[in-house]
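In the two complexes that follow, chain A is the common piece, with chain B as its partner first and chain C second.
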Partner chain A sequence: MNVIECRQLSKSYYRKRALQDLSFSIREHTITGVIGRNGAGKTTLMKIIAGFYRPSSGEVTVFGERPFNSLKVSQNMIYIDDQMPLPTSLTLLDILHMAGRFYPNWDHDLATRMLNYFSLHPEGRHHQLSKGQRSTFHAIVGLAARCPLTIFDEPTTGMDSSIRKDFYRALLKEYLSHPRTILLSSHLLNELEDLLEDVLLIHQGKLLFHMPIDELREYAVSITGPEKLVERVTADREIYHQQHTGSNVYTTVVRRDASILEAARQHGLETAPVSPEDICVYVTKQTKGRIDDVFNRNQP
Partner chain B sequence: MMSLTETSLKRVIWNQYVYKLIALNGMFTSLMATQLAAFALSLSGTGGTTTGYGDITIKVKYFSGDIIFYFTLIWAFMAGMSITIKAYRDADFIFVTNRWTSHLSNIALLLTESLFAGLTSPLLGNLLKLVAYWGNPGNVLGVMAPPPGSLLMNILVTTGYAALLSCLGYLTGMLAQVNKLLAFVVPCVLFGSLFLQGSDGIVVDVIRFYAAEASVWIFCLKAALTLAIVYPVIMLMSDSMEVRR
Partner chain C sequence: MFPRSDTTKPLYVQIAEWLENEILAGNLLPHERIYSQYQLADMFNINPATAAKGLTILLEEGLVYKKRGLGMFIAEHAQANIHKKRREQTLQLLIRELVTEAHNLGVEESELLEMIHQAITSRKDGSS
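After this line comes the complex of A and B, so read on.
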């Protein structure tokens, strides 16, 4: 069963197009990573799914309903990001109690144990938390709510690496014990690799691909060897990335298939897998030249 | 397996209402602060004259709850406007809601606050008269005995005005949220009418429609009807407003 369906979804603000013709569907009980560069449209997409924004054109359905103004979607969905204006008049524990009133599957015991584990004081106030603590607290709310659709928009903002790891582990455990559909946006794909089942890559408001992470691991191959030889083997193929890795040693990343592997083997070229993170970086490259060029003004 | 849960409009409104009553308890504190300030200002008399005949000077001072009443109304307007700000609207959408339940729980909150203001303001006005009486021993010629039932009438009228003013504040705030330009245009039109057209203006007519009403019950009816028209209009107007931007 599909929990989310988008058909030709577009969104523009004034004249700027934030999303353009996105069509995809998300199956029930999957963890999907919404990946993209800064400003790619990840947040806009997820906020439309959450029913906060209205699509400019196209259609989106969540649990079979249009999410905008849907009480059913709101009841079964929680959206977690670092911008949650929680009341300053309530203690953290009060806020957890309050969340429990709204979400029928709320696990209060889990919430308080996590609060304790992450050393957040139950009598503390939301506005007194540091950036990382705030993200941790929001993540606790998101996990304990046990909503059939849980959306985390950059949930690890400000968390240190140890807390990030704990969060990913808690997320996985919660998901296994209480399966639900999870959308998780991030630009740190390598950290999420073991967690995600599917990857939805957005670039400049367009959907580049939506595929299982296992498929993405097999998506591309890097071929290394003498420049001329590498160029000959990879001619007439789409090149995702290329760079000199030594004197007369050249590395090129192309789509992986049987024929390219065979050709590389015949020419004695080295082949290596390309990590999903690297593929995403290569296909969404939008900078001109390299960062080094910024500092080297003599170069045109 | 996690199954979808259904909820009712009533339940969500109730939850949101309780959430707001607790989270926005600062509103009640600010009402009390406003009323206490008004009370303090009224202690030296809300009006008076001094007349002299040779060696004799007659000072007449009036003590009434007027200042408390007007301060309460200003507070009601601000209370209505303040819950339309972005942070409060976004706060609703952290938990379960849609735009309708968000508005309806806001309306319930404003009516509760109006009732609270309507109860406290006349009571404080009466307290002021007692304090004036005790605080000026031997000097007070008389306290006008309030006619029986007047406290109840006072409570009704003050609640009605507070509800109207908080509704006006909510409308103003929402207009400003829907279109920033309106936040500028609306006050200009209102004050423009007040200054240019004077007592013939539409604004004065509107005020007169309520203030000149002699019957408390008809006033209450007028207030209730106004709310029953204005709030749904606000809800329709902001039905497509995006949140958590």
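After this line comes the complex of A and C, so read on.
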């Protein structure tokens, strides 16, 4: 069963096109990583799915309904980011109690145990928390709500690496014990890839691909060796990335298949897997030249 | 305990190999229930879909069998079959790599055999 379906979904703000013709569907009980560069359209997409924004054209359905102004969607969905406007007059514990009244599956015991584990004071106030603590508190709300559709938009902003690891672990534990459909946006694909089932890569408002992470892990291969030889083996293939090391060592990244692996082996070239994070970086490269070029102004 | 050291292999293949090692070591016996995808996901901190893909490899190789509604169980001759497969495929592959590397380095046949012999001797000494 599909929880989310998008058909030719587009969104424009004034003249700027934020999303263009996105078509995809998300199956029930999957964890999908929504990946993309800054400004790619991740937040816009997820806020449309959450029912916060109306699409400019195309169609989106969540639990079979258009999410905008849908009671069904808002009952069954929670959207977590680092800017949740929570009341400053309530203590953290009060906020958790309030949240329990909004969400039917709320596990208050879990919420307070996590509050304690992450050393957040129950009598503390939301606006007094540091950036990382605020993200942690929001993440606790997102997990304890146990909503059938849980959307985390950059949930780990400001968290230190130890807390990020704990959060990912808690997310997996919760998902295993109480399966739900989860969207998780981040640009740190490396540290959350083990958690994901699918990856949705957005670039400049367009969908680049939507595939299982296990497929993405075997999507590309890097081939290293003497320049002439590497060029011969990878001729007439699309090259995602290339790099020279020293004077004669050359590396290219191309689509992985049996014939390229065999050709590389025959020529004694080194092959290595390319991480999902690296592939995403290669296919979404939008800057002109390299960062080094910024510092080499005087050179032709 | 995590098979992560060899990162050139896909995660689900590493899961399959870890399970094979458990069977090979006799930690999982014939007709015993193998870990579920959810147990593996919890143990290795990975998505259960990836764990399921690892289990599927064992199923396709006939090392485990399915009982409807009950999960997967170790096949009767799983240990012997893994043993045979490792001997015929994994070991042969390693030997070919060894011979190629020796050739690239200009190591003579007699020299290589002597090195292997030494490695066997020192392993025996180490374990006894």
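Observations
Throughout what follows, the second predicted complex is superposed on the first by the 299 of 300 C-alpha atoms of A that agree within 3 Å, B and C clash if a C-alpha of one lies under 4 Å from a C-alpha of the other, contacts with A are read in each partner's own complex, and residues count from 1 in each chain.
Operating definition for what follows: contacts are C-beta pairs under 8 Å (C-beta built on N, C-alpha and C of every residue); 3 or more make two chains touch, one makes a residue touch a chain.
Note that the structure is a prediction, hence the values are computed from the model and not measured.
After alignment on the shared chain A, the placement of chain B and chain C results in a side-by-side fit free of clashes.
In the superposition on chain A, A:Tyr117 contacts neither chain B nor chain C. Of the two partner chains placed around the shared chain by superposition, chain C is the only one that A:Pro212 touches, whereas chain B remains out of contact. Number of chain A residues touched is higher for B, counting chain B against chain C.
Touch criterion met: A:Ala272 reaches chain C, while chain B stays clear of it. Of the two partner chains placed by superposition, only chain B is touched by A:Phe102; chain C is not.
Put simply, if you stand at the Cα centre of chain A and look at the Cα centres of chain B and chain C, the angle between them is 150 degrees to the nearest 10. With both structures placed on the common chain, the touch criterion links A:Tyr53 to chain B but leaves chain C unconnected.
Superposition on chain A places chain B within reach of chain C only down to 14 Å, the least C-alpha distance between them.
On chain A, the surface touched by chain B in one complex and the surface touched by chain C in the other have no residue in common. By the touch rule above, chain B contacts chain A in their complex via residues 1-7, 9, 12, 15, 18-19, 22-26, 87-88, 90-91, 93-101, 239-240, 242-245. Residues 7-8, 10-12, 38, 41-42, 44-50, 53 of chain C touch chain A in their complex. Within the complex formed with chain B, the residues of chain A that make contact are 47, 50-54, 63, 68-72, 74-76, 79, 83-87, 89-90, 94, 98-99, 101-105, 146, 148, 178-180. By the touch criterion given at the top, residues 30-31, 168-169, 172-173, 176, 194-197, 212-214, 217-218, 272-273 of chain A touch chain C in their complex.
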